[in-house]
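What follows is a pair of complexes built around subunit A, which joins subunit B in one and subunit C in the other.
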Partner chain A sequence: MKTVITASGNSVDTQFDKRFGRAAWFCVLDEDTNETLFFDNANISASNGAGTKAAEKMVELGVKKVISGDFGPKAKDLLDKFDIQMVIIQDDDLAVKDIIKKIKH
Partner chain B sequence: MPRRRRLRKIVAPPGFKGYKPYGITHVSKEPVELLYEEYEAIKLADYDLLNHEEAANLMGISRPTFARIYESARRKIAKALVETREIKTVYGNAIMDKSWFVCNDCNSRFTIPKTMDKKQCALCASSNIELINKQ
Partner chain C sequence: MSFKIAIASGKGGTGKTTVSVNLFEQFSEHSEGKIQLVDCDVEEPNDHIFFNRTKKISEEEVFQQVPTIDKDKCTFCRKCSEYCEFNAIVVIPPVRFAEVNQSLCHSCGACSVACEFDAITEHPESIGKVSFYKTGNNKGLVEGKLKIGSAMQTMLIKELKKRVPLNAEIVLYDSPPGTSCPVVETISNTDYVILVAEPTLFGLYDLKLMVNLVRELAIPFGIIINKSGLGSNDIYEYLYKESIDILGEIPFNKEYAGVYAKGQIVGNMPVEMKNVYKSITEKLHKMGC
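After this line comes the complex of A and B, so read on.
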């Protein structure tokens, strides 16, 4: 199963990004093989619709779970429609690898 | 008798209990009470940059009602700034969006899509979860 974690850089040591539509990078974690892939966010400086575009990207990547700090109303609607689970974490100082560790216990 | 108040849907409560001015000379004025739905109106209109129509739909109220709540929210914030009062958030006539759960072990919030039958935390797999819905 694929999970996306929003990240501020392209490695697991970087901080988790609390924004969804304007996250710098998306870390795609395959929960079965533990592999991570990083995609940069093309819509980071879009004036509007960043959340929608990011949500479309999630659908395209076929992920089942998205972990971020907040979801805008449009992104939430879209992710709901495609049955993608949303997870909100409000801790500030987490690195991507900490979150991966949490998922894996 | 006035018509009953429709509950205003909000996605999440504000992440703070209040705001306090600092560097002021006189203290202990009555705080300004900002309702959850007023906070949500400011968030939708000025942070998520939705127009009033879309925002009203999300909160399950009419556009004029949304405009009224938004107006009242702005006035309260302006009042707090000008009169150097504290802002306190209070519950008001809000209802949390039903689809969110909170995990009591790791404090994360998450949704459970209908294709998923496991009722457990998406992060730490704890089953100590509950719906975010205070009503």
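After this line comes the complex of A and C, so read on.
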């Protein structure tokens, strides 16, 4: 199953990014194989609709769960429509690998 | 031809509405022709509150054209989504999903041009209302009111300006705060811009932004310093250095602020303040107003 974690950089050592639509990077975690893949957010500085575009990408990638700090209303509507689970983590100072550890335990 | 004056400020709360309403009254007192006040602050129009005997004559709904995508014709090629500057179109090919997010759409029509499969049709969606009021003999007030949730301020202001009766001698546009598109739309094609500024640190900072904007648009302008006596003299040094005209200064008056808060400024102006407005309208008359 594919899970996306919003990240501030392109490795599991980087900080978790608490923004969804304007996250710097997306970390796609395959929960079955534990493999991670990073891609940058093409719409990070869009004036409008960054959240919508990020949600669109999640649906396209077949992601089942997204972990971020917050979701805007338009992104939430779209993720809801495609039954993608949204998980909100409010802790500061977490690295992406800490969140992966939490998922595993 | 009407003489068109926009009243703007950059910073909010400097006194655009106070100045607009008072100039409207002052011009009306000394003019044979019709004076028209236009409330372009479409997100929170409040000019009408200041007139006791205001009567709404009519109102008109304003629409934008919003596209819908026919999923039977759509090939999910994404061209429309790529053309859309506002990220208003979501197309997800693997799940055959194509939808327009109306609250992000700016009605530019690019998606209709992009679509090669005739899958996009446009339909009207309300963005707000334009209301026409009569506040007295030869005194008209028109206001735009944006529909909650709509992001089409600029379009509504454009439509509002188109609907202002052409028979007025002087048209006063009360601008929204800020220096972005809605303000540019409000002050565009006017003959003169009055910038209402307050002599505070924040007032000066935003005034500089506004001066840059008005110079960029090459519209003649002057300053009214409101709440003078507050803050510092920095604003005067700036205006002197930039050779910008001061049309008048309105002293800070706590009692008057109370009258404003009750919505009773019309007909209740202290004499010294009235003289300031009188001299401002005289200066504007000399400029061809």
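Please note the rule applied: the second predicted complex is superposed on the first by the 105 of 105 C-alpha atoms of A that agree within 3 Å, B and C clash if a C-alpha of one lies under 4 Å from a C-alpha of the other, contacts with A are read in each partner's own complex, and residues count from 1 in each chain.
Definition applied: a residue touches a chain if its C-beta (ideal position, glycine included) is under 8 Å from a C-beta of that chain, and two chains touch if they have at least 3 such contacts.
Since we're looking at a predicted model, the values are computed, not measured.
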Touched partner set for A:Asn48, first subunit B, second subunit C, both or neither: both
First, second, both or neither for A:Ile103, with subunit B first and subunit C second: first
Of subunit C and subunit B, partner touching more subunit A residues: B
Which of subunit B and subunit C A:Glu60 touches, first, second, both or neither: second
Touched partner set for A:Gln90, first subunit B, second subunit C, both or neither: first
Which superposed partner A:Lys18 touches (first subunit B, second subunit C, both, neither): neither
Which superposed partner A:Leu78 touches (first subunit B, second subunit C, both, neither): second
Subunit B/subunit C common contact set on subunit A: 48
Subunit C-touching residues of subunit A, taken from the complex the two chains share: 43, 46-50, 52-53, 55-56, 59-60, 62, 74, 78, 82
Subunit B partner contacts - residues on subunit A that touch it in the complex: 48, 65, 67, 72-73, 76, 79-80, 83-91, 99, 102-103, 105
Touching residues on subunit B, where the partner in the complex is subunit A: 11-12, 15, 44, 48-50, 54, 58, 99, 106-116, 122-125
Footprint of subunit A on subunit C - complex, ascending: 86-88, 90-95, 97, 101, 103-104, 151
